[in-house]
Each structure stands twice: as structure tokens, then as C-alpha cells.
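Next, two complexes with subunit A in common: one pairs it with subunit B, the other with subunit C.
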Partner chain A sequence: MNAWLEIPRGWLDSFGEIARFGSRVAGLVYSGRVLKFFGESLRQAGILILGSALIIWGLIFVLGLTCGIEGAYLFRAQGAPAYAGLFSAWCDLREVLPYAFGYMLSAKVGTGIVAELGAMRISDEIDALEVMGVQPVTFLCATRLLAAWITFPFMYLVGIGVMYFASYLAVVEQIGDVSSGGYLLIFWMFQNPLDLFYSLIKGMFMATAIVMVGCYYGYTASGGPVGVGTATAKSMVLNIVLVHIIGMLGTLVFWGANPRAPIGG
Partner chain B sequence: MATEEQEPQTQEEPQADEPRAPQNTGPYVSDDGAVMGRDFVIPGVDPTESDPYRFHTGRKRDHGGEDAIEVIDLVKQFGRARILNGLNLGLPEDQVSMVLGPSGTGKSVLIKHIVGLLYPDSGDVLVHGESIPNMSDDELFEVRKKFGLLFQDGALFGSMNIYDNTAFPLRQHTDKSEEEIGEIVNRRLKEVGLSEATYKMPNELSGGMRKRAGFARALVLEPAIVMFDEPDSGLDPVRTALLCELIREVHAENGGCYLTISHDLNTARRIADFLAVLWNGKIVESGPKEELFDSENAFVSQFLKADVTGPLSMD
Partner chain C sequence: MEAAASIGRRFLPAKSFFEQVGEMMLLTGRTIISAIRPPYPYGEEFIGQFLFALQLCWFPLLVSTVAICFGAPGLQAANVLNLFGALDRLGGFFVLAAIREIAPAVTAVVVAGVAGTAITADLGARKIREELDALQVLGVDPIKNLVVPRFLALMLITGLLDIYALIFGITGGILAELLYSQPLGGFFATLFSNASVTDLWGSVLKCTLFGAIISVVCCYKGMTASGGAAGVGRAVNQAVVISFMGVFAFNYVFTQTLLATNPELQTIR
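Here is the complex of A and B:
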């Protein structure tokens, strides 16, 4: 029995460790101590934009097409092709965009952070920082979190535009069952600025979790290159799980009680 | 501040260079009451051994100066493996010291305790009289500005070129202008013979060049204490000799307490003023280089003469 309990106990231990590490990193950002390394934050922000933005937007574009095509054929089958915009509005903003954002950040940014910090750990670079009197958690982790908070809202908002454009292309220009005006009328009817804000919050929670998990696994990596590889894999698994949990909770909290759909008066 | 010949705290016959006779009275019990084999093991020591420290006179010969660093009864255990077991050591100010010892005896662990990267299970480390393990994080980061540490592979930041690596401590800890920083960095890089490699990335450099770049970075803040973790590892004999010469030159110019850890005897002969021999987590003997090379202690003598016969074997 005890052996069975060891497994969930181990998970809880790890989760507690990650939560404590993450709150320490967030505290360093909120307290402003990270501003001592603002230049490094800007450098990290540049790396995020140049290294990840196009890939994320590319994936979002493809998924926007998918939402548009699914919606168009679904409503054609119901005999109401003019309502394709309804599907696109919800699919794009509320669900697929946050997940796409979370997947790509996990795969590109999260694993990148683990690999970079892990490599620094095993090559004594983090110890070197400490010996030089530089707080490594602040310099390496808090700066990355601040960079994420600076850049990701911008990337997410642009991503929304990319996804809307892709869905429009699929429904109006490619399938063409509905006119541009008809599509946009329904499309905008089924969303409002608050939905956009909620969607952004979902995405930012995911991004924050991914950066914190990446920093934790990278910062605490040990066991040479194999250890860094293992830490990278573990971070990817945990990030994917967290992306779905945050996605589910976000939908429940923001739209569970009131879906805000203008149906039935 | 031990400048006199000191009697070790835990040895019964401190002045004797000869080992004690083995005491066959059961497993070894450490100063803190822990029993070897039951509470801990010492890597490389048979757990049934009754007196693994019979060669450890702990004798400290007079070095004629003040101690910059004092290590007092340091104990560090990882799991059941006790790496340091009541280590006592004083490192003199304004001299190049060297801790020698077989592989796996805790030399790197010792250096990490001195800079506060590891905390002891018990014991203390004093740097200029201040206790490193008892400092708050902020105090520790402040006192670390006194240190320069050259890691085995240089530990250069892979994302920065050599110039930025060397300038990094100056940018973090001083208000100097970029022009002043450039002057200092170029001077240090010239000193270590890397003027031509200023804008290369660390992965474009050889092992020896990375070490020299790490040395330049360790020196830019003109630290009072500079430490070298196996500066000779992975270098050919000529480059080792050149690096040793460089360390001597820079020490002659800047002064301060330099500590090198290694197991290379040629390096010891070239750069050390003061030697300490570490084995099984304790200092066997320490003192000025010439005196230690003439020591009659069986272990010290075997190690410093690289003799195949003596207490140290392949086991």
C-alpha cells in the first residue's frame, strides 16, 4: 500500500517544489528586483519574438483554417451555412487559440529554456554566476518570466488576428457558402471584448506556467547531458498536462456559467 | 589566524610524522559520534577499517603569515557518502596555496564550501574572519565580489563572446563606462594572451583558451581571493606550464590569496607557496611547499613523490 502511495506523494512533492520555485520567480518580478537586469529581459524578449513568433503564428494560421473549414461544413450539413461564423468565433478565440499557443510555447519556448538553463547548470555557468555575486534565479529565470509577460500578450493578440484571418479565408474565400458580410455579422455577434480578454488570460496563464516549469527543470537539472534530456522531456509532459488543465479551468470559469451566446433572446 | 605551528584538535600525537599503529577496536567512530559503515561511508575506505586517519597528523607548519581563509571541522555528507569529515585548514594571505589529493577526495567540494555554493553539515568556513555558511543570501552575494573562481572548463557563458564574458562582472558590479570597461577587459585579455580572440564565442576556443578566458574574467574585479579548480586538467604539458607561469605572474602583480586544487605534482612545484594534502575528507598535513615535499609522513611522502609503494593503492 505504501509503495502505491509513494507515486502520488512524489508527484505532490514535485508539484510543491515547482510551485515554490515559481512563486519565488514571480516574487522577484513583482518586487522589481528583476529590473536590475532589465537589459537581459529585453534580450530575452527579443529572442522570444525572433525565435518563436513566426512559428506560433504559422501554427495558429493553419488551425484557423481548420476551424473555418470545420464550421463551414458543419453548418452546411445543418442547412445553415450562414452561421459558419459562430463556429469560427468560438473555436478560434475560446479554445483552439489558447491550446495552440500553449502547445507551441511548450514545444519551443519551454523546452528551449530547460535545455539552455540545464546546459548552463551542467557546465558550471550557473555556479559561475553565483560566484560572481549575481543572483542566478533573478538573472536567468525572473528575466525570462518578465520577457514572457512583455512579449506574449502582443504575440497572442496578433495570433488572434492571424487566426480570424485564416478562418475568414477558409469560410468566405475558399468554401464560399456565405458572403463576407454575412459571415462577419454572425462572427462578431458571437463574441465581445470580454471574451477576448478572457482568452488572453487563459493564454497568459498557460505561458506563465510553461516558463516557470521550464525554468524549474532547467535550473535544477543534474546528471550531465542525459539529465538535461530527461528534464526536458519531463517539462514537456508536465507543460502539456498544465496547458489542458488551465484550458479546461478557464473555459469552466469564464464561460461555464454564462456562455454569452445571443441565442433565444 | 593560525600562523604558529598548530596542534590539530582531534589528533592524539600531533607532532608525530609517523602514523599511529592501527587500532583494531571496531569500526571508526567520527568526531560527531557517527559510526562508519552504519551512519556513513567514506568513499575509498573499507567500512570495517578501525583507523582510516592513522596517517593524518593534521600537522600545520608555519607559513609565516595571516590566514585569509580558515576551514574549521568541516563535515559534508551526500546521502551516506561522507566526502569531508572534520576538515581543518588555514590558507595564507598573499601566497599561492594548493590543495593536493587523490581523485575523489573532496577537493572540489571544499572549494564550493569556501565560495558558499555548498553548505556544510557541520563546521565553519571563515573568509577574512567572516563565517560564510552563516551569511544571509544578500551578504553572501556581496562577499562573493571578493572571489574570482576559475572553473575546470572555464564556465564561460555560451551566449556571449569572450569580450562580453570578461566584461560581465564589471557591468554587473561597477558603474564604469563602457570605455573604461573596454580598457580593463582588453588589458586582462592581453595578459592572458587572448587579444586576438576577443570577439570569438566560447565554442570556437580550445580548452586552454577557455581556461585563460575564464582566468581573465575571474580577475577583472581584482578579487582578494582567486581560486582555480584543476587549472591543469585537459591541458598538454606545455600549456599547463604556460598557465602556471601566468598564474604566478598575475599573483606577483596583484597579490591576494590564491588557491589551486589539483592532483598534479608539476603544477604544485611550479606555482605553490603553500601545500595541503587532502585524503579521505581530511587534511593529512599542510605547510610551505619545500617542507611538505620533504615530509616524512608516509602518505604525504608517497603522494608527493608519486611513489607506487605506500598507503595509497588502487583500491
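Here is the complex of A and C:
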């Protein structure tokens, strides 16, 4: 029976440690002690932009296309193809964008951090940093969290544009049941800046959780090259579940009691 | 000459990308041929991998599907249906949301993130400890003995987990319906009257093919890992990124083909 409960038990084991480690890293960023290594933060931000931006937008684009065709076919069946914009607007902005962002972030950034920090831990580079008098948590983890906070809001906002473009392409150009003007009228009517802000908050919570989990598993990796691989796999499991739970809680808090739709009184 | 060389270097990532895609295709072909051609020594490994994937996936998948289906299609669609006073229609919407899209997508994400990463970490560790080379020296074919059982096991488990994800996805929808204190009769009535066999087999077939994509990518990345401790981690990273992109790009093509070729899916009953 033990093998079946390995994953939930592992989470229970390490949940407190991850929370403590994460709050320590966040504290280091918040108290400004990370600014001692601001250059390193900027370097990490550059790595995030160059290495991850395109692949994240790529996934967002594909999911935007899927959202578009599902919405177009759903409203064609209802006999109201002009309203495909309703589905696209909510699917894109409120739900699928944060999930797509979270998936690709945990795949690309989260596991990347674990692989990098884990390799440093295995080859004793983290101990070497400590010996040299550099605080490893500040230098390695807090800089990455700051870089994430600098970079990801902008990456997310561009992602929104990419996804809107993809949905437009799918609904208007590909399926073509609705004119461009008719689609955009409904599309923009069913969203407002506050929705965008809520969606951004959801995405940023996911990003923060992913970077913290990645830093934790990388920082505490052990057991040689195999250990790094195992730690990477473990971080991915936890990240995926966290992404889904944060997405659900975000929807419940932001839109649970208030649909924020221009329907009725 | 100098300029041509610099342009060539700039396209180097693209070249290596196409090379890798080609090698993955070759690996797929070799795996399928090797799976069909006797002898069949991979039975035990197949069962082991199947159980391994099931043990790893069942809990993350349960939490993920209930969470996403409660939030995304459940609450958001219930919100808008509530404005029209037609909350019983949520069941009909769940055919589109849970069966056609979310259950296969979440299953693929969880299997790629949980079982796929474990496979890459496992094979990558064997590769850099030179165990794969040792197997070849011993006359054991790594494709037949390592890749084929993982390929078949992951295909089967992803297809079956789709049903599991679907059940828990609909549970999420039921929770959303209960949140609005609605009787569940209307939910089930519209769910079952709108659900069609085509939707179900489309969902399971799609998910099985997702499993094939994930297993080939993860096995390929594991078997070509190099560069010591950092190499295995990097292989896992790349494997999961490529799996996600492959799965979602394929998802778009499959959904479009299914919807365009089966117009009866688009009628509301």
C-alpha cells in the first residue's frame, strides 16, 4: 500500500518546509536584502526573457486557438454564432491563460531552476558559496524570485495579447461564422480592466509558488545525478497540483459570487 | 564567408530542433516495429511501468481534475447560466468542457509532469551511468526492453486515466452545481442527453495518442541525456516542455478535425 500513498505523504512531509523556505526567500526579497545582488537578479531576468518567453507564448497561442474553435462551435450549436466572443473572452482571460501560463512556467522555469540549483548542490558549489561568505539563499533563490517578479507580469500581459490574437484568428478567420466587428463587439463587452487585473493576480500567485517550489527542491537536492533528476520530477508534480488549486481558488474568490457580465440588471 | 557562417550559427537552434523532431519520429517507428516483431520479452516491465505510472498519477490527477473542473467550467459557466436561470444546462456544457477538452488535457499534463518526468529521470540516470551501453554490450536491445514497455504502458494508462479524470471532472461540476444549491436531476439529464459515443471515443483516442507523444518524447530525452548531474535535470526540463507543446498542438488539430468531421456533435439536445 505504501507505494500508492507515496506522493500525498511526500507532500505532507515537505509542505511545512516548503512554506518556511518560501517565506524566507520572500522575506529576503521584501526586506530588500536581495538588492545587494541586483545585478544577478537582472541577469536572471534576462535569462527568463530570452529562454522562456517564446515557448510560453507558443503554448498560450495554441491554447488560444483551441479556445476559439470550441467557442465558435458551441455558439453555432446554440444558434447564436455572433456570441462566440463571450466564450473566447472568458476562456482566454479568466481561465485558460493563467493555467497555460502556469503549466509552461512549471515545465520550463520550475524544472529549470531545480536542474540548475540541484546540479550546484551536487557539485558542492552551494557550500563553496557559503565558505566564500556569500549567503546562498539570497544569491541563488531570492534573486530568482525577484527576477520572476520583475519579468512575469509583462510576459503575462503580452501573453494576453497573443491569446486574444489566436482566438480572433480561430473564430473570425478560420471558422468565419461571425464578422470581425460582431466578434470584437461581444468580445470586448464581456471583459473589463478589473478582470484583467484579477487574472494577472492569479498568474502571479502561480508564478511565485512555482519559483519557490523550484528553489526548494533544487536547494535541497541530494543523491548524485540521479537525485537531481528525481528532485526535478518531484517539483513538477507539486507544481502542477499547485497551479490547479491556485486557479480554482482564484476563480472562487474573484468571480465566485459575481459573474461581472453585462447581462440582466 | 564570415557573414554566411554567422547566419548559419543563428539558425543552429532551429536545425537541432528539426533534427530532434526527426529522431523522435524515427524512435516512434522503431518502437512500433519492435513492439510488433517477436520475441516479446517486455511483459514484466510493461506491468511494472503501468503500476508505477498509476501509483504516481492517481492522486495528483484527482486533485487537479476536481479543482480545474470546479473552477473553470463549473463556476464560470454556472455564473452565466445562473443569470439566464438555466443552471440545469451546466450538464450539457460539461460534455464540451470536461469530456472533450479538460479531461484529456489535464490527464496529459499530469501524466507528462508526473510519469513522463519520472521516466526521463530514470532513463537519463541509466544513460549517464552508462547502463544503457552496458545493456547493448550484453546483447539486450534497449528499445525493445526499455522503450517499448514504457510506450505501451503510458499509452494504455493515459487512455484509461482519461475516464478517471472525466469522472472526477464531472464531480467538480456537481460541486459547482451544489454550490448554487441546485437539484442534480437537471444536471444529469442534460449531461446524458448531450453526451454522445463519438465524444467519448474521441476523448479516449485523443488521450491515448497524447500518451504516445509523451512517452516517445520522454524516452528520447532520457536516452540522449548527457553532461553529468546537470544533464539529467536539463533532460527532464526539455522533455516536459516538448511534451506540453506537442500535446497541445496535437490537441488543437484533433479537436478541429473531430468537430469538423462530426457535425452531429454540434447539436444541442
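In this text, the second predicted complex is superposed on the first by the 253 of 265 C-alpha atoms of A that agree within 3 Å, B and C clash if a C-alpha of one lies under 4 Å from a C-alpha of the other, contacts with A are read in each partner's own complex, and residues count from 1 in each chain.
Please note the rule applied: a residue touches a chain if its C-beta (ideal position, glycine included) is under 8 Å from a C-beta of that chain, and two chains touch if they have at least 3 such contacts.
Here the structure is a predicted model, which is why all the values come from computation and not from measurement.
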Subunit A superposed: clash or fit between subunit B and subunit C?
fit
Between subunit B and subunit C, pick out the one touching the greater number of residues of subunit A.
C
Touching A:R94, do we find subunit B (first), subunit C (second), both, or neither?
second
Return first, second, both or neither, reflecting whether A:G58 touches subunit B, subunit C, both chains, or no partner chain.
second
Per the contact definition in the header, classify A:A119: touching subunit B only (first), subunit C only (second), both, or neither.
both
Angle at subunit A between subunit B and subunit C: what is it in degrees to the nearest 10, using CA centres?
100
Report for A:G133: first if it touches subunit B alone, second if subunit C alone, otherwise both or neither.
first
Check the residue A:V237 against both partner chains and state whether it touches subunit B (first), subunit C (second), both, or neither.
second
Nearest approach of subunit B to subunit C by C-alpha atoms in the superposition, in Å, rounded to an integer.
9
The intersection of the subunit A residues contacting subunit B with those contacting subunit C is 119, 123
Mind listing the subunit B positions that touch subunit A in their complex?
112, 115-117, 137, 141-142, 144-145, 147-149, 151-153, 155-158, 168-169, 172-173
In their shared complex, subunit B is touched by residues of subunit A numbered 119-120, 123-125, 127-128, 130-135
Touching residues (chain side subunit C, partner subunit A) in the complex
51, 55-56, 58-60, 63-64, 67-68, 70-72, 75-76, 79-80, 82-84, 93, 96, 100-101, 106, 109-110, 113-114, 117-118, 120-122, 124-125, 128-129, 179, 228-237, 240-241, 244-245, 248-249, 251-252, 255-256, 259, 265-268
Can you list the subunit A residues touching subunit C in their complex?
3-8, 55, 58-59, 62-63, 65-66, 69-70, 73-74, 76-78, 86, 90, 94-96, 99, 103-104, 106-108, 111-112, 114-116, 118-119, 122-123, 224-226, 228-233, 236-237, 239-241, 244-245, 247-252, 255-256, 259, 261, 263-264
